[in-house]
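Residue numbering begins at 1 within each chain, and the chains themselves are lettered A, B, C and D in the order written.
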Amino acid sequence: MIAKRVSNWGRWGDDDERGTLNLITPAKRAAAAQGVRHGIIHSLALPLGASGPQVPDSPKPPSGNTAWRPPQVRSNPVHTMLASGSDPEEINGLGGGAHFTDDMIHMHLQASTQWDALSHCYYEDMLYNGKPAASVTSAGARYHSIDKVADDFVGRGVLLDVARLHGVGRLPGSHVVTPEDLQRAADAEGVMVEEGDILLVRTGLLADWAATGSWLAVKERPQPGLGIACIEWLHQQGVAALAVDNTAVEALGTGAALKGPFHMLALRDMGLHLGEYWFLEKLAEDCARLQQYSFLLSSAPLPFENAVGSPINPIAVL
Amino acid sequence: MIAKRVSNWGRWGDDDERGTLNLITPAKRAAAAQGVRHGIIHSLALPLGASGPQVPDSPKPPSGNTAWRPPQVRSNPVHTMLASGSDPEEINGLGGGAHFTDDMIHMHLQASTQWDALSHCYYEDMLYNGKPAASVTSAGARYHSIDKVADDFVGRGVLLDVARLHGVGRLPGSHVVTPEDLQRAADAEGVMVEEGDILLVRTGLLADWAATGSWLAVKERPQPGLGIACIEWLHQQGVAALAVDNTAVEALGTGAALKGPFHMLALRDMGLHLGEYWFLEKLAEDCARLQQYSFLLSSAPLPFENAVGSPINPIAVL
Amino acid sequence: MIAKRVSNWGRWGDDDERGTLNLITPAKRAAAAQGVRHGIIHSLALPLGASGPQVPDSPKPPSGNTAWRPPQVRSNPVHTMLASGSDPEEINGLGGGAHFTDDMIHMHLQASTQWDALSHCYYEDMLYNGKPAASVTSAGARYHSIDKVADDFVGRGVLLDVARLHGVGRLPGSHVVTPEDLQRAADAEGVMVEEGDILLVRTGLLADWAATGSWLAVKERPQPGLGIACIEWLHQQGVAALAVDNTAVEALGTGAALKGPFHMLALRDMGLHLGEYWFLEKLAEDCARLQQYSFLLSSAPLPFENAVGSPINPIAVL
Amino acid sequence: MIAKRVSNWGRWGDDDERGTLNLITPAKRAAAAQGVRHGIIHSLALPLGASGPQVPDSPKPPSGNTAWRPPQVRSNPVHTMLASGSDPEEINGLGGGAHFTDDMIHMHLQASTQWDALSHCYYEDMLYNGKPAASVTSAGARYHSIDKVADDFVGRGVLLDVARLHGVGRLPGSHVVTPEDLQRAADAEGVMVEEGDILLVRTGLLADWAATGSWLAVKERPQPGLGIACIEWLHQQGVAALAVDNTAVEALGTGAALKGPFHMLALRDMGLHLGEYWFLEKLAEDCARLQQYSFLLSSAPLPFENAVGSPINPIAVL
């Protein structure tokens, strides 16, 4: 069974909470840094604002029993000010003519560019490394919370531009990325995926947004993404973490009976962190221009205690 | 007048919103990356949790008119779960036995390790580069919001360990850091502060927390920090951004009539971003051990639209 | 000019923050209570949940400059649990086998059944009774906040069922309610609108929701509501407060150049509190059945300090 | 065993979610209304603001393992503005010179004057009427949520002023209220507690706050409140709901092994809703002055879907 074959439970000890991030060694990290040539920088984060990427469903008449509706639909951040630039002295004054502004945010931790924590998914009542699912309580995750890996996610990034491989700006919704796609993209780019790499896969899904500002593509189903067959390939290459420019890393709306199988095998069995909603358009342009598909990637999460995910601003340095 | 002497208004154009971050050139950034030797990584962020670093005031009886109290006291993040590991299928089930967990955060954007945006402080109704203070409205900052510099803050970091210079674990509350402190620390460390460096200054204020878990030192007044005299030195060196391991970069509780003068000159006149609550203890240990006080620093903010600050997880790579 | 004719500035003193609520005398209130015959109770509140009444706009491609979007669109409450019934002892246990559950809410104060505070609207930089608009800061309203009238809004309620008057389940979107509508409804119902009454006007807009659970009618424009001509009639009758079963009391989408004129005259000039999103369907049925259109109404807001509105659960007792 | 003796499970059907509120009949409610003589009104709610009643603990050095801290400490509401009176037209303008203000709240649902829902407490994995505790999930309470009783809590209120009975402004912390206290207070007041009454018990705990604005008394332990022996008396009288001017209805800090026993028996076995943080000082003054200890009480919760409690503004009309 595939879950067994890709399992990393116990590989780095029974208390391990880093999973495949263990594959990023200091030597790898140093080499990645030293490989920077141009000093060109790209933020791979979508903006955190009121307009997206979460797109509310068009309203439709309810059906059946409407009394019980789990309120788990993600929405965009709500940003509010505590002190503005036209408030009176008593609100924003520090004395002596000095003034400040201040603000707050209320947000879902996984509604835009982010890393899933290993505690984000499970089956058979077990999280990665055999921890009980019930250890994720109303107070958050006791194990595998995102703050446990807050000094991680820095190393060599490799972009596999599968959309470019296929000569399209954006993969069609029906495209389920295969291991062959990944290997052929690497070959075409002249890059070797090595143990400890943080792998970025481009489907082109966010190209529309980059061009027009519209998030509608994010809602389409099916949506291109990685197929379950990629899991073993990722395991064999020793990928340390995986991020994609779509909403769920894996292909959505394919009609498979099992929902989220890729998440389950990656987060729970492999201990492979998954990144979603990564914005790869500008990085991909530069990679093509410079014919360089590896770079230094710095993408540490915020250290939210007990959290099962974190928004991030991943930075690629070429 | 000092404000005039250190002003960078117009230096990078009338529309500039990056301030001294303009001093980080691609060549500087590439050199910083190439200078990494060990691949050792340090997160410089405090945990984002319910226990600190914001410490509520001990309650005291109110005095005078209690009807009007501006509610601007910062508090620690409130983390809530939307789906836990013991919820029933209808809440956290994806089908086929797959399950997920999910969460939210409500937080002040400047209550722990963070960057102040240039729109965070002002006087005489003007922000940096001559933008009107009133452009910071209830909808946030139209200019100089933190998302404008979301692909920045990556370059060479330099740690000036002023506490170590003075042979103490932690500077006393009365210590106002001088330009001489900074220069002598650099000299003692054998490091040159260069144009475009991101400067980190260590007072040792968070040593107590690191040792005991107590945040009480954060509340003490006076609190060690940079004196106003440092501003011109920073300007002359061409520092790109400045972060300190205390609550406000500058010395607090010194009795000066003007409150927050350092903030005003740095953010508003120089366009120098300020970082607060940075955790430098472990980095400082390694710098001393390796006799290396410069490193690659990656500290980009989250791209909160219109926000006047952002929590960050700064990463130093030695 | 109409604003002058209906103005109540100074009528109850320069410090008055109650406006027309002053017209509810203890004697009126006692009479309203004593007039209760059946002990029948009706909540006039919509549910506070994730499904409505705020309906997000269908997504559409953005146009023009998308960089600046005031984030003031109201959304439905976000309810999160802090302790559930399947959490372990350490989270929800009190000792000795006792357990608790706990929760939080993040919500707009005016996104469902509510009272607008008098500080909610203004023109010419003045609030009701001549207070400066700038007294509403980032810390809230210094004057006319909703907590100032937290022990009010209890008295005789009168329902004017304008939809019923016109023999329809719901007024068409183009129907702008006139003073004649109000007077004729009162006449048809055999009720006299008296000084100090809290007036409820039914358009039938929420009938669809009551029947099908769909909130779509709330989004339609034009939307039936009170016309500006009603203002003087309300002033003459001495109405103490006014609530309607639509989103803004007044008619929307009529094409008038001035937006929200009714709000301005009512809240700012008259000091007349306005209630929106009131659910009147079941009350209206009972009023018709019992041929009784007056009742005891208890609709005090929550005492949110400095707030410009409050969600409420108005209770009618027949 | 006491739980069995006071149990109301099944008494109003297996699907009942109202508990002892079933005892408030329309006839009772009509009589309560008709009994109003003066039209005097009292809000029994504490202000919902940043200053209290939640008082943060004084900071103290942590002990032992600080890595896991359930974040369930309640705090005061966080109120933020979305549009203020000095914002520019683009933020708060409606067109034609009309302007609005708007705001939001983030709050615990049980941190001030409130009703506990019947789903707030449980033992032996069962809620009131035999519903499973696990039905309270991350999405809230499927049964016994506070919105299920949103058109309730209106009827005859009776104040038993136990502090006055004992001739003190405030009961000492060590005072555990007994059934005799309750009966003697009723006798002294000349009031009969009848089936279907909403009972209010005054300990005087909030007298300090009323006098000085200080919330410190709320933190003291022991804290006066009802003893477990009152449960059977309440059951025998047929009390419909119970509210007290303290933090937990029941006596706190008494050293009993079982924590919260009163809550368990009341909410879970009797189906008796509990009200906490009720402000009774001014009502008590008027009751004494008028020699009238019964009144019309209107205290419906906000209809938060799936919530296990709700802030309220209870209104007494004498």
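Convention: a contact is a pair of C-beta atoms (placed from the backbone, for glycine too) under 8 Å apart; a residue touches a chain by one contact, two chains touch by 3 or more.
These numbers were taken from a predicted model, which means no experiment stands behind them.
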Contact-richer chain pair [C-D vs B-D]: C-D
Copies chain A and chain B touch via same or different residues, half shared test: same
Chain B-chain D separation of Cα centroids, rounded to whole Å: 43
Where chain C and chain D are represented by their mean Cα positions, the distance between them in whole Å: 25
Residue list for chain D, restricted to those that touch at least two other chains: 49-50, 69-72, 78-84, 86-87, 91, 104, 106, 134, 137-140, 305-306
Touching residues (chain side chain C, partner chain A) in the complex: 49-51, 55-62, 66, 69, 71, 73, 75, 78-79, 81-84, 86-88, 91-92, 106, 134, 137-139, 212-216, 219
Of all residues in chain B, those that touch chain C in their complex: 68-72, 78, 80-82, 84, 86-87, 104, 106, 138-140, 142, 305-306
Residue ranges of chain A in contact with chain B within the complex: 25-31, 33-34, 36-43, 45-50, 70-72, 74, 77, 79-86, 90-91, 94-110, 119-125, 127, 132-141, 147, 150-152, 154, 257-261, 263-264, 296, 298, 300-309, 311-313, 315, 317
